[in-house]
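Residue numbering begins at 1 within each chain, and the chains themselves are lettered A, B, C and D in the order written.
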Amino acid sequence: MEFSTNLLIFSGLALLMIAAAMAAVTTSRIMRAVTYLLFVLFGTAGLYFMLHYTFLGAIQIIVYAGGIVVLFIFAALLIGKGTIDITHTSKLRYLAGLATSFSGLGIALYLIRNTNFVAEKFSSSDIPMKTVGTALMSTGKHNYVLTFEVLSILLLACMVGAIMIARKK
Amino acid sequence: MIIPAEYYLILATVLFFIGVFGFFTRRNLISLLISTELMLNAVDINFAVFNAYCHPEHLEGFFFTMFGIGITAAETGVAIAIIINVFRNAKSIHIKNLRELKY
Amino acid sequence: MNILNLFVLIPLVMLFALWLCRNIKQIRTVMVAGSTLLLALSVYLTIDFIALRSAGVTAPQLYCNSWSWFPSLNICYSIGVDGISVAMLLLSSIIVFTGTFASWNIKPQTKEFFLWYVLLSLGVYGFFITTDMFAMFMFYETALIPMYLLIGVWGSGKKEYSAMKLTLMLMGGSAFLLMGILGIYYGSGATTMNIHEIAQLNNIPTDIQYIFFPLTFIGFGVLGALFPFHTWSPDGHASAPTSVSMLHAGVLMKLGGYGCFRIAMYLLPQAANDLAWIFIILTTISVVYGALSAISQTDLKYINAYSSVSHCGLVLFAILMMTQTSCTGAILQMLSHGLMTALFFALIGMIYGRTHTRDIRQMQGLMKIMPFLAVGYVIAGLANLGLPGFSGFIAEMTIFVGAFMVDDTFHRAVTIIACTSIVITAVYILRVVGKILYGEPTNEEHKKLSDATWDERFTVICLVICVAGLGIAPMWVSDLINSGVGDIITNLRP
Amino acid sequence: MEFSIFILAIPILSFLILGLCGMKMPHKAAGLLGTTAIATVAILSYIAAAIYFGAGRNDEGLFPTLIPYALQWLPLGNTLSIEMGIMLDPISIMMLIVITTVSLMVHIYSLGYMKGERGFQRYYAFLSLFTFSMLGLVVATNIFQMYVFWELVGVSSYLLIGFYYTKPAAIAASKKAFIVTRFADLFFLIGILIYGYYTETFSFTPTELLLSSAATVLPTALGLMFIGGAGKSAMFPLHIWLPDAMEGPTPVSALIHAATMVVAGVYLVARMFPLFIAYAPEVLHMIAYVGAFTALYAAIVACVQTDIKRVLAFSTISQIAFMMVALGVSLSDDPHKGGLGYMASMFHLFTHAMFKGLLFLGAGAIIHAVHSNEKSHMGGLRKYMPVTHITFLIACLAIAGIPPFAGFFSKDEILAACYNYSPAMGIFMSFVAALTAFYMFRLYYLIFWGKSHYEEELALYTAGKTTHEPHKPHEAPATMTTPLIILAIITCVAGFIPFGKFISSNGHAYDIHIDAAVATTSILLAVAGIVIATIMYAKGDSKITQAINSSMKNIINAAYHRFYMDELWLFVTKKIIFNCISRPIAWFDRHIIDGAMDMLAIVTQKLGNYVRPMQSGNVQSYSVWFLGGALIIILTLIYFA
């Protein structure tokens, strides 16, 4: 039963992600939090695979799991002692955060439940790499070369900026 | 069976609000950043899901997610640079100790 | 070129010139030249105005002109004067002129002081020449804001507190005022902000008038020291530097009375007639209460500030009586009080500059030490208590005679109550004169002090001449004012 | 009569010159300038009087009322306006003569009396100002002009009483004088307002039509005006300022507080007399009662005062009260039918000005000689100051009402008028007249007779008991004695002026005839008073005096303190008005009214402080609020959508 396999995988991923996410925001050690975050990110990549966005999944793993998490780890290591003790805030604020989050969640879920999405056109085939490449590198409607270039420059700028900021005086 | 889009959306929402909760309650700059990542991630999922379920003929959500990931990377880089710098100056990254910038 | 524009242009040029000034000599030159020019201009305007009137020009406003400013809201820069505004312009010029000499040695930051001073006078002049409500409001605000800095920076004593209090209370008043102006504008349904055009339409519904008359009247009344909104006055005056006190009590407080008359009463005649009694009670309280409070004060400036409350109360009181005579009296009282109180504040400033105290218990026998200032003070005091031959007398008498013309018990009673202020005034004036000027000087420090310098003498003499001039020959001013008052009264009492 | 403008112009010019550049002048120049100016004015007044009375009566048998100048000074609405002008009629001419004569005498006298005083020029400037204002007052064409000058004389009086401005008593006295009269003027002003509104004019002679329409309010208006007059003329209970006003230089007391300003109230009532008689006779009689009480009160107080100027001050109050009584007892405007009082009052005003001026100037000469106001420093002065003695005696005889001196004639007319009104009033006033004779001669004996204070001191000094050599009293210089002599001569002859020929209540000539019965009684009573005084005081403190003093200790003590009227006033002003009204109001203003304003500010600030932590800069709490707000908005949208 194909569908049940899918559902099973999805359920597993979902549970993993939620559990990891919760752990990430509650654990008191940064290294652990980062590790839990890593699980969530991997789970997300899994979701992309399930949606047949293989390329996206790959990027997710490479950039997020491979790049960003490493950055976090470095930061945590660099800061060292300061990272150990993550204290939670005052009880009032804790409750306020909890309440807002839950009510937000409730509203969002309510909205999702009561919204009818447009016709399901889900195709279960992978997007060819060529399509992605063409769209990324050409101009015109639904093509993204400009964005791509802008993003490249942004990344460059960020790199330079990060170096400038973090550099020792 | 195709998993209904709602399932994905519900998952993303839950993740998002976990991130929100973290953002509200944590007191450490890196933890805050982690919470932010959670939220961004949830949003990315949504983009992909909507793309896949509603407009598969175009790849807008796909690319949005892609660029989002890219920007997240950039943002994290800068943020971590700042955090390190702050730590270097203030010897702490607990936000309750970081009040000098206000004045 | 309309001559009235010069009243705004000259201060603007002065501002620019002051900005360029490098040393105190240049600053003084600019100030003296500018204020003399303004004085000459207003004297010329007065003469020309009287000439035009006696040549038979009967238009309510002369030298009218209008430039559209913000067309979508019908805001115009429209100007024009009647007898009242001419008189007020003359008063302002005299005070600005003498105030310049009174602040001859102001320190520190002389240049900045005079910049704000000129900006303040710009607002005052602009207020009196415009006939557009919005432009009027704008000039009003222009005059208020510099006051904050002038008191806050160059004042003495609790200056920050006083400046803040004064500004906040006056700004509170102008918030009411803005509501009132908008109410009048929309209530009349007019396509203009011009006061006279709105007055001619005279179609503001009565219920709207009932709402906006109190707002407008209180809005201006705060500046006119209407009880119970007068408390900025003692603190503000006590802290302000001499020339600012002069300008404030002499001219700025008159903006209140003028505005009440010109906008609140003129444009909302129905409500003015029906609601006047409330404000008559308040102003009567002002008159007597201010005078009684003055009796037991010990600070010279407080005494004078409360005296101003009493006298300005009389202005509003007279306006509310709504007879031709009482309103003429009100304008005369504005002129008279402006000159007298400026003289008073100038003298107090000069005395304070020497003795470094304003506490009447610490001064004695100043007549022997500084005869000129002491004689000036006695003259100012006598003028203030309404001695014939000085302006105070004719103003008060015109008001009382005018107020007595309203033939009912309520008005009669309040008039008689207001009359008692002339006795109370005598008490507090003579108390001060007796305490600080007469007797043998007791304070050794004070014995070494010198009498007035030339610039101080000049200020005092100018003002004394004006006060006496108005008091001895009141008929021409009275004629000048009468024509302007007539219009408004006709609107009020059809 | 166009030259009459100079009568006003010269004094004011003299004031301006002396006031502005007097300080740079030598004393002598200033004094001469002032004196010359007033002499010119006096001569002009005499010429004016001569021309006016010389021109004779018109067809109706009246002296015409001339108004050589009148200009509109201040228009007040459509009907009313204040005019400034000059009006000449018999009483204003009479006043001109009185004022200029006494003023001239005082000017001359002051050359000697004030010699070497600091502020000599200022003194002359103020005298000129006073003369100007007083002249302006009497020639006023309307009630408002009168009020204007009324205030001006008030202020000149204030300035002159406070002439010795370093003396605390003088400062207090000047303040008191001004404030008390100002208080009375308030009523005067209200009276004028009522009068002006209902008669639609400030003129003394409104048209009959307007008057009859205003008839119901006229008594009120006139009554209020009288209160103003009572303040100036020191009627009980507004008299308290006058004795204190003696702190001023003595010539000033002679001019202002004896001869001219204080009779302004009488003049006012006389001015309004036709209206009083026609519309408010009951108010007029009220005036008579007030006057009679004041006369008695002041006479009793005068009997026990020790300061000679105070005695004279109370005597002045008493004599002015006589004038008021005379006006008040008038029953019609015909002197033959009960209107005698008007003429008598004016006559007494005239003669009183002369002999009271003389008394004050004489007192000034004595004070000048002994350097004290107290009777205990005097005694036996007749040897040292013969001229002063003789002139003072003449004045005392005049005021006591002994023929042939001026006072006899005028007082006799007053008493005749009183008897005509009611016998009770006549007897009462005769008694007061006798009291007058008594206290004046008491004063006379205390000053000029009895043991000489100087000789006692000298004896002590020669015996070596004191080291302080007493100052020998000496006769005053010629500048001071000349005015005394002139005034004494006037006092001797003024009674023979056929006063009724010039001034009477209805303007027609009236022959003064002396009522034998009244005259005899009054002379007898006066002589009785003098005899008692002689017995008691001629030889210093006799046994009788001591006996009387000890038997009536309480009354004398009370009278000495003026029956505690000053204390009462002080209680009202200081305790009630200052401490119970003004202080609380000032406190109320600072703490309640201002407190309310401050409270607004404080509340705003508190609110601000309360809200401020929300703007902590803490992004987390911002985001909580943000999300919370967003959620609320979304909920609302969902709810309404």
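Just so it is clear, a contact is a pair of C-beta atoms (placed from the backbone, for glycine too) under 8 Å apart; a residue touches a chain by one contact, two chains touch by 3 or more.
Please read these numbers as outputs of a predicted model, since none were measured by experiment.
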- prompt: More C-beta pairs touching across which pair, C-D or A-B?
  reply: A-B
Field: Centrality ranking, top chain (CA atoms only)
entry: C
Statement: Chain-centre distance (mean CA atoms) for chain C and chain D, in whole Å, is 37
CA centroid of chain A to CA centroid of chain B, Å: 6
Task: Starting from the mean Cα coordinates of chain A and chain C, work out the distance between those two points in Å.
output: 71
Task: Let me have the rounded angstrom distance from the C-alpha centre of chain A over to the C-alpha centre of chain D, please.
output: 104
Field: Numbers and ranges of chain A residues touching at least 2 other chains
entry: 89, 93, 96-97, 100, 104
Query: Of all residues in chain B, which are in touch with two or more distinct other chains?
result: 20, 24-25
Message: On the basis of the stated criterion, which chains touch which? Give every pair.
response: A-B, A-D, B-D, C-D
- prompt: Taking the complex as given, what residues does chain B use to touch chain D?
  reply: 20, 23-25, 32, 95, 99, 101-102
- prompt: What part of chain D is in contact with chain A in the complex they form?
  reply: 620-621, 624, 627-628, 631, 634-635, 638
Chain B - residues contacting chain A, complex: 1-11, 13-22, 24-28, 30-31, 33-35, 37-38, 41, 44-45, 48-49, 52-60, 62-63, 65-67, 69-78, 80-85, 87-88, 91-94
Field: Contacting residues of chain A [partner chain B, same complex]
entry: 2-4, 6-7, 10, 14, 17-18, 21-22, 24-26, 30, 33-34, 37, 40-41, 44, 47-48, 50-53, 56, 59-60, 63-64, 67-68, 71-72, 74-76, 78-79, 82-83, 86-89, 93-94, 96-98, 100-102, 104-105, 108-109, 112-113, 117-118, 120-124, 127, 131-132, 135-136, 142, 144, 147-148, 151, 154-155, 157-159, 161-163, 165-166, 168
Task: Flag every residue of chain A that touches chain D in the complex, lowest number first.
output: 89, 93, 96-97, 100, 103-104, 107, 110-111
